[in-house]
Each structure stands twice: as structure tokens, then as C-alpha cells.
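Chains: A, B, C and D, in written order; residue numbering restarts at 1 for each.
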Amino acid sequence: MNDSLLFLIPLLPLFCAVINLLFGMRLPRLFAEVMAVTGVAGAFALTLLFWGHAEGDGSRAVLFTWLNSGTVDISFALNFDRLAAPMTLMVTGVATLIHLYAVGYMHEDDDYARFFALLNLFVFAMLAIVLADNLLVLFLGWEGVGLCSYGLIGFWYRKLENAKAGTKAFLVTRVGDVFLGIALLWLFALTGTLSINAINAQAAAISPGVVIVLSLLLLLGACGKSAQVPLMTWLADAMAGPTPVSALIHAATMVTAGVYLLCRFFPLVSLSAVAMTAITAIGAVTAIYAATCAMAQREIKRVLAYSTMSQVGYMFMAVGAGTVAGAMFHLLTHAFFKALLFMAAGCVIHLAGDENDIFKMGGLARRGPVELFWAFLAGAVCLAGLPLTGGFFSKDGILLALFTHPDPLYRVFWLIGVVTALLTAFYTFRLVYLVFAGDYRGTGHPHALPLLMRWPLWPLALLGLAGGLFNLPVFVGGGEALHHWYGTMAGREVAASHDVEWMLIGLAAAIAAAGWLAAHWRYRGYRPPLENPVSRFLLSGWQADALVDRLFVRPFTSMARFCSAGCDRALLDGTLDGLARLVSSWGRMLVQLTTGRLTTYLSAFAWGFLVLLGWFLLKLVNGGGH
Amino acid sequence: MSLIDLLALLPVLILAFGGTAILMVGAWYREPRPLLAGGIATALIGAVAAGMVPPPSLEIAGLFSAGGYARFFTILWALLAAAGLMVATRYIMEKRLGAGEYVSLVLYAAAGMALLSSATHLLGLFLALETFTLAFYILIASNRRCEMAAEAGLKYLLMGAVATGFMAFGIALIYASSGTLALPDAALRMTAAAGGLQPWGLLGWGLVLIAVGFKISLAPFHLWTPDVYQGAPAPVGGLLATGSKGAVVAALVGMLSLAGPVWHDLVDLLWLLAAVTMLAGALGALGQKNLKRLLAYSSVTHMGTLLVGLLCQNTEGLAATTFYVVVYAITSLGAFAVIASLADQRGEPMAFDEWRGLGYRHPVRSAVLVLILLSLAGLPGTAGFMAKFAVFQAALQSGYLGLVLIGVFASVVSFAFYLRVAMLLFQPEAPAVQRHAGTAPEHAVVAVCTAAVLVFGLFPGILFDLIGRLLP
Amino acid sequence: MSTLATLPQFPWLSLLVLLPLAGALLCLLHSGRPAECRALALATSLAVFGVALYLFIYHGQGDGRWLLYEDSAWISRYGIRYVLAMDGIALLMVLLTAFMQLAAILLAWRVERQVAGFFALLLLLEAGLMGIFLAYDLVFFYLFWEVALIPMFFLISVWGGANRRRAALKFFLYTLVGSFCMLVAMIALYQIHGAQTGVYTFVIGELLHTQLTAAQEGWLFAGFLAAFIVKSPLVPFHTWLTDALTEAPAAGSLDLTGLLLKTGIYGLIRLAFPLFPNATAHFLPILGVLALVGLFHAAWSAYHQDDIKRLLAYSSISHLGLVVLGLAAWQLTAWEGSLLLMVTHGITTGALFILVALIRERTATRSMQELGGLWGQVPCLAFFFLFFSLASLGLPGLANFAGEILVLLGTFRAHPVWAVAALLGVVFAAAYMLRLVQGVIWGPARSERTLPDLTLREWLMLLPMALLVVWLGLYPAPFLAPLHGTVAVLLAGGLP
Amino acid sequence: MMIPFGHALAFAAALFILGLTCVLLRRQILMILIGVEIMLNAASLVFVAASAYWRQVDGQVFVILLMAITAAEVAVALAMVVYLWRRKRTLVADEFNGMHG
């Protein structure tokens, strides 16, 4: 097949998005829904169809020249290679399921056309990131997903808080984008190209100091999109959006774009040990930070949001530890189980009568269909890392990579990873107990669950639980399929003795069990939430919002006020007005001479005469001097 | 005086004798229309005579020139008189003034101005100046029912008399120091004069300058201007603003082109005068609430700018000044013609309140007034811009950067007050009352002036070429 | 001078200037019959657009020489000639002018007071703008430069908002001061050149190689700069713009921001830089810093506004800061980016001003505190608002981004710090733009009244702009093509 | 014998200043006019003296014409004075200050 047909993969969702945007409201609802699902499912099918193109060095497709000026020559070009292919498949696949789920989820909402258009547009933008051949196309997708995220978080725009959450998400991620933008400019200045492969190929020629800075810039860019410390504050608020959005954008795909970016530039980033350590450190800090926050959250989706940040932190640690395959492995399994958890959470919220607070739920295992409980539990055990689940294997791979890293500092990161795993298991089961165990504590009336909201959970549950098979480690009899698929792109070979591996697996299992037991002990019977400073601190995400407010937002607004009111109004306009007043006051003074009295006029005459005489005498004296 | 001289003087004679004839007829025959028509015809014939009848000699009795330059201004002032009469028709009839007297006075004034522009001798200069000044004394106060006109007449008269005193004494001193009244010599011989007398001559020129300063409203001799403009009826004001000033400047240009060196000694004084005048006019106009007073102050600025051109002491500057004078005369006349055409039984619209929103009642004339004001301000595309451009160009060439910058500042201020009037005219909230629709002659004058403003703005080459050929 | 001058050709360029002028006169002749005036104005601007489009298609390919050149004697006394010349940059600006004017005419459709005057002024403005972009003689240029001010002055002072008179005077006088400085510098240059070569001329191309001392060049350059910086406007000379844009009637704001501001930058490119290359070289760093200061200052100030029109005014200043930054980088890519950004900014911000006017027509307010929830009430309008806001904040794939990224790519090579700073400015652009969007289209609806959504006329204005924004964002090549040669020549210190 | 030219000039200058002083200090219209006459006479004096000094007739011609003009001017001025008196019953110059500013 022609390589340029690859463009159909991203363009199909785009086409459906545009159709829905333009005509969605005029066409029957069914048509819009079918359009939306078809766009994504079609992309999924196409990805499968084109799978073979990814092997070897992958395939490149050029559509047309985008920008052309001087030495700048940037095209719309796609690169479908071994790194991109699984990601594409995951994005389109998960998106298809979520779209189906969304059809059910939105069936009472009248604004469905905008919703599906944005959702499809998002898939397009995400695919642009994944498939981008050059940084500018990647940037297009990068900003595009930000836009869709903005539009979808604020989807229910009538509540201003939702719109504000969307704005916040856009702005905070845009801060990250600036760093990515700087990296883009710098890379272009250094290499004269924006093609990612070309840049990676030339990376070795760049001086080490610059590589460190470039890597850190890319890292900061990734932090923005992936909600890593310090640009993490937006993700929890982003839960204001509809649940399918949270599942697709804020769990499975967009937030992992940062990880994907770092993997894409792994040949560049891995040149600098400092940068790699920084990536790991960011991941570690975020992982533990988010895990602590998740323990105190009261809203079900916020718990999941913090857990997402925490898990993405693991992926960063994986990249930092040098294993792209490990990072992508966790990325994939996480996408499955986290999407599952969100979708299940959406069902839970439906059943609880649009109640978000887990302390006002309980007993849902009996109130709702039992399959929901099992689906949620499947996601939860993956998240908690119970042995043999997909999450268990992928997380364990990362911990192994950290443990075996030659740099002793990575042991600290490993320790953080282990502690985080414990916390994760704890808050996951806290969630399960509070939602499903005991008696119902809320007052809401359950909505009926449409069929379309229920059955997409199963494929995901299956993928999540069995996700380990994708990259099953050798020592448990697996073939490390993913690792081999990536080949040269997989990063560092993580090698350890089987003893160490078994020891770590045992530890992981023990930790997961410990977390479960702790949660079991604490939450088996319902107890009201703790009200102490620590829990408030954790609930507010370590007061990060307040800190940002004080450090950035308030100085910015007062700067804005100064520029507008102080500088422009008072200083510049004041000066101008002052000048105008000054000139007209001269005018008034002069006009006062015109008194209307003849004697004044005559004396003016005389003054003029006197000046003449004076000048004349001066002339005479000077003339005499010569 | 020989026949040749008389023939050379023909245009002026037509104006003067025509005026006298109309005065006589008017004593018996009081119907204004024919008298005015006769006056207009006389002025036009005078203009035609100046244009068509070639002078047998270029010099008249050693007092006046009959060269191209003189003839050009003779035509201009005669046409101006005709226009002035056309604009004045309704005024005369409504106020029941003596048409004969009015017409003859305007024609006399035109004759005086024509003579002044062609004077080559201090005696001729003095006589011509007095001729039209006397006519104006009467014209300004011609409406006996108007309080302001009387006051304006008094002010102009007394100030004018004092100026005459300065003028006469100045000329006397020049004569004393140089021994001649003929123009190039009076100035040229001064440098060669016996040491003791030279300063007297210079003082004499200074005194003449003061008198001239009064006539063309240079600061600080300008204070009468707003009062007189306001008090004089618009048709007279139009003549006063254009002809009386223009003729003096034309005479100055003629004098300068003949007698350059003396100005050398006066340069610093003229520099100061020009600067002060430009500023005083512009700033004075800024706070005005009366259009005629505003025009008065604006004329002060313009005269300051003219002086800059005169200061340049080269053909470039003189050509620029001449161009400026012509353009200013036409533009200014247009402004006064618009005012006169709007006058009705309430009088002329003067106070800003009367102008507010007038653009919606009389769109064409208001638009024309805006165009004229913009030309006065110096908007490119209008004649006023080319005039300013020429003067600034000449001044920069002569190295008067300081004056140019002052002129620029004055221009900015000018734009401010002209535009305020323009805004006033088209201010939507308060539509003004309906004013007079104007008569055909008034419209004709306005139309001609407007056309001239545009033509000389877009194709100034016509006028420049003419001036280039005429300058002595 | 180009050899093209000798070839007989149809005077397309004169037509571009004279057509709107004739249209204006015709409008005045039909005063009192609004319908005819509207039709006349529309027909005229359509014709102008047709001519511009024709030139773009058939004369748009060039290797840096003049695409079209008309020359005839005018005021021979001062060596002033009637020269109209079009290079790639001028072509682009002409096209933009013709396009925006169509939108402006459509936007002015609903003006009820003094229709003939309004349309006549709009067309006069168009003639002036065309002249500015095409004139190739200093005095001829100056003529249009000033003449374009007059219609804008009256548009603001007669049809404007509550503080219109103050704003109009401020606009006029402020720019006038700059223009006069330029005039003096022009004359001085003319004389210096004349004294050196004996050829007294105002034709730009001939003045190009005047030998100037450093001091002379500095002062003359300063004179030109005064005019162009005020017009651009660079901070701190920008306060006239915020007032003027806020008070101007809708179509006036559109022309002011979309076109009139561009004349300042165009003047820099066409006159100031080529005429004074050494002074330019010295001044570029300062220009860059000024541009950056403006970019940030305006972005911050924009965040503090409540009046959406004023906010957009500041956003214009901020964008133009980026344009000037690109010029200051003196780099082919950056220049082309700047020029592209001039066009795209004209369209996006112009469209936003149109939308503000439409919102104002419907809700009678421009205050963000009183607005909100328009998405629910007028979805199509709100969609366009969102769309153009996103384009304005530089979303990739839409028009502004293409220009911005070229500016940044080019600037980074020459001045990395500038480019990084400018990128930071992008965050602030997002901040004020999103605040605007949030305040206007999101949130609960502010009135129970049902508001009418876009009419056909409004669709006609907005849809072409939107399509163009997408086109320019994805495939700006046709618009960059005429620039390549011209910009290369200009950067080398010459003129075509 | 001739009076030295310098003396004549000095005297005329003094006369001129006197006339000017009169113009400036007096408030009555008539007195101002008289002051002007004195100034003009000073001019005449210079003309006559200079005419004698340069042995020319031009100056004397000027004086004659000056007289004529003065007469005309006075005629107009007196008519004006009468007219003003009728209007306002005063001849103090400063009383006529209806227009100013």
C-alpha cells in the first residue's frame, strides 16, 4: 500500500470531527454518534492494516509543504515506526471503546455534536503527536490536544467553574509548551531541521552542555502535558469534564504524551546523565506526591486523577532509568486499566445520582449491577499492582530498572517507587471499600445505566488484567515481546540475576498485599473522613494551588494592573494630557493679552518697538566693537 | 506722467476710475444690484486688462513696476475684489448699506493693493498702503447698526494710524541715511552710506518692519486681529485677511528680491518675529470659541510661516512665499465666503455653538469648510500643504532648522484647533438650526476657491511655474 | 530604476488607488440614498478586490524585482514624481487591504446615520491605504500617509463611542507629530542628496545611495522612525491606539487594526530601513528590545481590561510587537514570518473586532462583566469568536501560528534570548485570550432574551475570514511566494 | 547756514518719542490721534532735513503727500469719532472693549 495513505489514520477522525462540527446539530443524533465512532474505529482498523509498515525503519509519508522560507522547509509528514505503531493502536483502540461508552454516557445531553466533534478532534491531535515526523507537526498535535482538553473540561460551560478549570489546564500546560517551543527553536538552530529522526541522528554532535539544557527543556515540556511536578496542578481540576473525557484524555492518552515525547527523543535525552537523573527525579517526586494526595481525596475522579499523575511518574522514572520499553509497557497497561477505572467510575457516579463524593457512596456492589463491581475491581487490582495483573508486571519492570541502575542515586528513586506502590495499593482499596462496601450513605437517585456504558468495560478489563502478556519478563517464561518489537528503540537492556528479580517480585507482591490489608483494616467498616491538618494539606494537593496563586497568579495580576492602570493610564496618558494641558494653558495666557482694550494693544506695539530699539542698540554696540 | 505711464497703469486706473464712477452713480441711483454688478464687472475688466494689455513700459514714473510680478498680483487682487463683491451682495442688500460707497471702497482698496504689490519706491509703497488702509477703515465700520463693527473700526483705525506714524518715520530715516526712496537703492546704498548714518537707516527699516508687522499681524503687533476679524462683516473680513495681508507680503517679496542685503542685518530680528508669531497665533487659536477669531489667530500663524519663507533670502524662499501668499489668500477667502454665505437675519455664524452640527444642515458647504480648514492646516493633497512644504523646504535649505521645528509644532497645534472645528461641524447630537442657503454668487466664489485649493494642492506645478517666471 | 518602467502597460496600480476614490465620490453624490451608497461601496470594493486578486494571480511571481511600476512626472519643481511600484510585500498588503475592506463594507452595512458619508470615508481610507502601500516617492507617500488619517479621524469622531472626540484628536495629533518629524527628515534627505549629486528628487530608489555622515543618518532615521513607531505602535507610544480602537465604530476599528497599523511597519520596511542602512544596523537591537517590551506590556495590560474592545486593542499591540521583533532580527525567515503575521493578524484580529461589533449589536455591551454564556445563546457567533480567539493566541494549524513560528525560528538564530522571551509572551497571550473567551462565551447566560444568531451578511463576512485563517495556517506557501525575492533584496540593503 | 543734520534727526526722534508717549499714555481717542499727528510730523521733519542734507527734492515731495494722506486719515478718523460718540457717548478708548479673548 502506498505510504501516503498513512495519512488516513489521523485524517479520518479529523474528517468526522469537522463533519460533526459543521452538520452535527442538523443531522439525526444517530448519525453523529455513528460518525464519531466510525472515525475512531476506522483509524483503529487502518492502524492494524498498516501494521506492517511500522517494521524495520518504519514508513514516512509527506502530504505537502507547510512552511517554506529560507532554510526553513517543514512539511506535513508522518512517521509510522515501531515506537509509534503500538501507541497508535492503543490510542485508537482505547478511544474506540471510550467513544462507544460516550455514546451511552451522553445520551441525555443535547450538545452531543460538539462533544463528539471535540473528542474526534482530540484523537486526531493525539495521533498527530504520535505519528509526527517533525517537531512542528508534533507541536501541532501537542497544542491540539491541549485545545481539545480545554474545550472538553469546560464542556458544561454554563458552570463557570468548569470553564475556569479548562482555562487553567490550558494555561498550565502552555507553560510547559513554552519550554518545548524553546527546545524546538534551539534544535532547529542547531541542526537546521525539525525532523525528529534527523535530530536524533545528529544528537551526538551537539555539545554535552547544550544537550543537558535541551533535555531539561523537553522534560519541562513533557511535565506540562503529563501533569508532573511542578506543572501538575491542572489535572485534578480537569476532572470537571465529562467522564469519558477524563478516561480518554486525562488518563489514557494525553497525559502520557509527555512520556511519549521523551521516548521519541530518547537518543538525545539519553546522552546526558544529568537529564536522565532529572527525569527520574521528577517522576519520583510526582509519584509519591500524587500518591499522598490521592490518599486524602474525597471525590472519586480526583482520586483517580492523582493516581494517574502518580503512575505517569512511574513512566518518567522508567525513561529516566533508561528503559523505553518499560515506560511504554507501563504506558499501555496503564492506559487500559485507568480508562477502565474512569469509565467504571462514570458508571458509579451515574448510580450514585451524580454524586462524586466517595464518602456519600457505599454499598454500590449491591445497588448496582454486579458486573460493574467486578470491572472496577479488575482495574483496581491492576492499579494496586496485585501479582499477575498487567499493572504488576509493568510496574515491576520499572522498579527493576531503577534497582539495577548503576548510579546509586537510583536506589533512592527505587525506594520512593516502592513506597509509592504501597500507598497506591492503600488508596486503591480505600476507594474500592468506600464505594462498594457497607451501606449506601448518599441521597441521590440512581440513573439507569445504558448498555453502551457497561460492555466497553470488559475488553478493557481483559486487556488490563492480561496486559502483562505484552511484555512478560523472561524469568517467568515470557518473551518480552514489546521489548523485542522496539528493538533498537527499547533503550537500556535491563539485566539482573533471577534472584534479584524474584526478590523484587516478592517484595512487590508483599507491598500490594500490605496496602490492601491496611485499607481493609481501615475502611472495611465505614468511618467518616479524618479532619486534621495533614489530611487537609493532602486534600488540597499540598497547597500547590495556593502556592501557585501566591507565586505567579497574584504577581501577574498586579503586574497587569500596573501596566494598564499605572503605566498606561496614569503615566503615559497622564503625561500626554499634561502636555496638552500645558500647551493650552500657554494659549490661555497668550489670549489674556487680547484684553479688548486699545491701550493694551498699543502698549504691545510699544513693547515691540522697545525690543526693536534694544536689538538696535545691541547691534550698534556690537557693530562698534568690530 | 506720460501716456505710456498711464497705459502701463491702466488696470489700476480702471479700478480707481471705475470705483469713482460707481460712487457717483450710486449717489443718485440707489438700486444695489446694478451697482454691484458694475463693481464686479469693473474689477473683472481690471483683471483682464492687467492680463491682456501688455504694458508699454515695465516701470511707471519710477514709483511702480508694471512687470509680470506686479501684473500677476494686480490680477489676483482685482479678482479678489470681484469675489469680495460677489460675497458682499446679500450683505449689502440686507443691511441696506450704500452700495455705491461700498463698491467704490472695495475697488479703491483693490487699486491700492495692486499698487502696493507693484511698488518699487518707498513713496509708492507708502501711498498705496495708505490708500487701501483708508478704504478698510471705512469698510470695517460700514454697518452702522452693528456695535461690534464700530468697535472693530475704531481699533483698526487707531492702530493703523499709529502704524502709519511708524511707517512714515521709518521711511524718513531710511531716506535720511541713504538719500533715496527708490527701492533697490534705498537698501543697497545703506551699506555704502556714511558710517554715522547707517544705523539710522537700519532703525528705519526696523520701524517699517513694525508697521508692516501691524498690517500682516506679526506678534506682538497682532492683538487687534481677532477683534477686527470678529467685528468686521465676513465679506470685509475676507478682503482684510487675504488682500490687505497678501498685498503687503507681495510688496515685501518684491522689495526683498530687489534689495536683499539689508535683510542680512535684520535676520535675527526676523527670526525672532517669525518664531514668536507662529507660536502666538497657534497657541492663541487653541482656546477660541469663535470661528472668526480662530481664523484671525490662524492668520497670525500663517504670517509667521510666511516670514520664515521671506527669511530665506533666496529665490527658493521668495517663490515659496509667493506661492504661500496666493494659496493663503484663496483659501482664506474661501473660509470667509462660506461664513458669509451662511449669514442670515441672525447674523453670521461665529460662536462654536452656532456651528455645532451644521454639517447635517448644510453638508456641502460644511465639507468645503472642513477642506479649507485642512488646507489651512496643511493637509497633503491641498494647496496649503504644498505652500507649507515649499516654505519648510526653503527654510531647511537655508539652515533654519529651529524655525522649521517651531513651525512644525505650530502646525500640530493648528491641526488641533482646525480639527476641533471640523468635529464640531459634524457633531451628531446637536443639529444646528438651518442657516441661509446662500446665493449663486456666493456659491460660485466658494466653488472657485475650493477648486483652487484642490488644483493647487494636487498640481502645484502650474502656480510654481508661473511664479518662477514672474519673480523679478 | 527598473526597466519595467519603460514598458507600456495597463496602469493597474493607479486603478487600485483611483477606484476607491471614484467610489467615494460616487457615494457622496448619492447621499441621502443609503441603499445605493451601500451597493456602490460594495461594488467598488469588490472591483478593487478583483483587481488585487488579478494582480496576485498573474503578477504575483517575482524574483525580487518590481512586479509593476508606474512612473510619470508630477511636481517637477521639487523633483516629486508620481511613482507607484509594487513588490511582493506591497502585493500582499494590497491584497489584505482589498480583502479587509470588503469585510469592513459589509460590517458597515447597518450604519444608519449619514450612510453616504460613512461609506465615502471608508473608501477614501482604502484609497489612502493603497497609496501608502504603493507610492514610491517620498512626498507622494507622505500625501497618502496623511490623507489616510482624515477618514479615520472622521470615522472615529462622528460615528464613534462616548469619548470619541478626545480619542479622535489624540489619534490624529499623536500620529501627526510623528509624520511631521518624517516630513522634515524627508526634506532634509532630499536636500542632502540634491547637494551631493545635483539631482533633486524624492523618488525613494534614487535617494537610496545618498552619502550621509553618521550624525545625519541618525537624525534622519530618527525622523522617519518617529512616524513609523507611533503608527506601529510600539510601547510607549501606543496609548492613542487603545483609545482610538475602543472608540471607533466597528468598521473603523477593523480598518484601523487590520490595515492602518500595518502602515507603520510597512514604512519601516519600505523607507526607514533601506534609506538608512547604517543607522538601522545600530538601531536594530533597540528596536528588538522595544518590541519585546511592547509585547509583554501589552499582553499584561490586556489581561487587566474589562472592555473587550480595549482588550483586543492591547492584543494588537502585543502581536505587532512580535512583528517588529521579527524585523529587528534581520533574518529572512523572521521577516517573512513578520510579514505573514501582519496579514494573519489583520484577519484574525479584524474578525474579532467584527465579532465584538456583532456582540455589541445584540447585547448592547462590551463589558466582560456583563457578558457571558453566549455559546448557549448564539452558538455560531460564539464558535467564530472561539475560533478566531484561538487563532489569535497562536494555535498551530491556524493562521497566526504560521507567522509566529517563522518569526521565532528566524529570530532564534540571530537573537536566542529575544525568541525565548517572545515565546514566554505566548503564555500571556493565552492568558488574556482565554480570559476573554471565558468572559464572553462561557459561563451562565446573562439574559433571558433570545438573541439572534448570525445572519447571512455576517456569515459572508466571517466565513471567508475563517477559511482564510485555516488556509494561511496550513498552507501559507502561496502568500509567502511573492515575498521570498523581495525580502532577500531588502535584507541585502537594497530595494527592488 | 544749515542746522546740522544730526540735530535735526535728534529733534525729530525726540518728537517721535513724544508723540508715541502721547499715544500710549492718553486714554482719549482724540488725544491718541493727536499723538499720531505728532509722530507724523516728526517724520516730516526728518524728510525735510534729509532733503536738505542730500540736496534732493524727493523728501519734500514725500512731505507734501504725507500731509495729504494725514488729512484724509484725519477726516476718516473724525467721522469715526463722531460716530462713536453718538453710539456710546464716550470717547475713552478702553470703553470699547466688547470683543476680547
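Basically, a contact is a pair of C-beta atoms (placed from the backbone, for glycine too) under 8 Å apart; a residue touches a chain by one contact, two chains touch by 3 or more.
Quantities reported herein were computed from a predicted structural model and do not represent experimental measurements.
Asker: Name the chain with the Cα centroid closest to the overall protein Cα centroid.
Answerer: C
Asker: Name whichever of A-D and B-D has more C-beta pairs touching across its two chains.
Answerer: Taking the two pairs in turn, the one with more contacts turns out to be B-D.
Asker: Which integer distance in Å separates the CA centroid of chain B from that of chain D?
Answerer: 25
Asker: Just give me the whole-number Å value for how far the CA centre of chain C lies from that of chain D.
Answerer: Going by mean C-alpha positions, chain C sits 65 Å from chain D.
Asker: Measuring centre to centre with CA averages, how many angstrom lie between chain A and chain D?
Answerer: Centres of chain A and chain D (C-alpha means) sit 96 Å apart.
Asker: Return the distance between the CA-based centres of chain A and chain B, expressed in whole Å.
Answerer: Between these chains, centre-to-centre, one finds 78 Å.
Asker: Send over the residues of chain B in touch with two or more other chains.
Answerer: As it turns out, chain B has residues touching two or more other chains at 154-155, 158, 162, 166, 226-227, 287-288.
Asker: In chain A, which residues are in touch with two or more of the other chains?
Answerer: 591, 594, 596, 598, 602, 609 - these are the residues of chain A that touch more than one other chain.
Asker: Which residues of chain C are in contact with two or more other chains?
Answerer: Residues of chain C touching two or more partner chains: there are none.
Asker: All pairs of touching chains?
Answerer: A-B, A-C, A-D, B-C, B-D
Asker: Name, in rising order, each residue of chain A that touches chain B in their complex.
Answerer: 583-584, 586-588, 590-591, 593-594, 596, 598, 600-602, 604-605, 607-609, 612-613, 615-616, 619-620, 623
Asker: Which part of chain D faces chain A closely enough to touch in the complex?
Answerer: By the definition above, chain D touches chain A via 20, 23-24, 27, 32, 93-94, 96-101.
Asker: Applying the document's contact rule, which stretches of chain C touch chain A when the two form their complex?
Answerer: 170, 174, 236, 238-239, 242, 297, 300-305, 314, 331-333, 336-337, 372-373, 375-376, 390, 395-397, 402, 405-406, 408-410, 412-413, 416, 419-420, 423-424, 426-427, 430-431, 434-435, 438, 441-445, 474-477, 480, 483-484
Asker: Which of the residues in chain B end up touching chain C in this complex?
Answerer: 360, 363, 374, 379-381, 385-386, 389-390, 392-393, 396-397, 404-405, 408, 411-412, 415-416, 419-420, 422-423, 426-428, 459-461, 464-465, 468
Asker: Which part of chain B faces chain A closely enough to touch in the complex?
Answerer: 154-155, 158-159, 162-163, 166, 199, 202-203, 206-207, 209-210, 213-214, 220-221, 223-224, 226-227, 265, 268-269, 280, 283-288, 413
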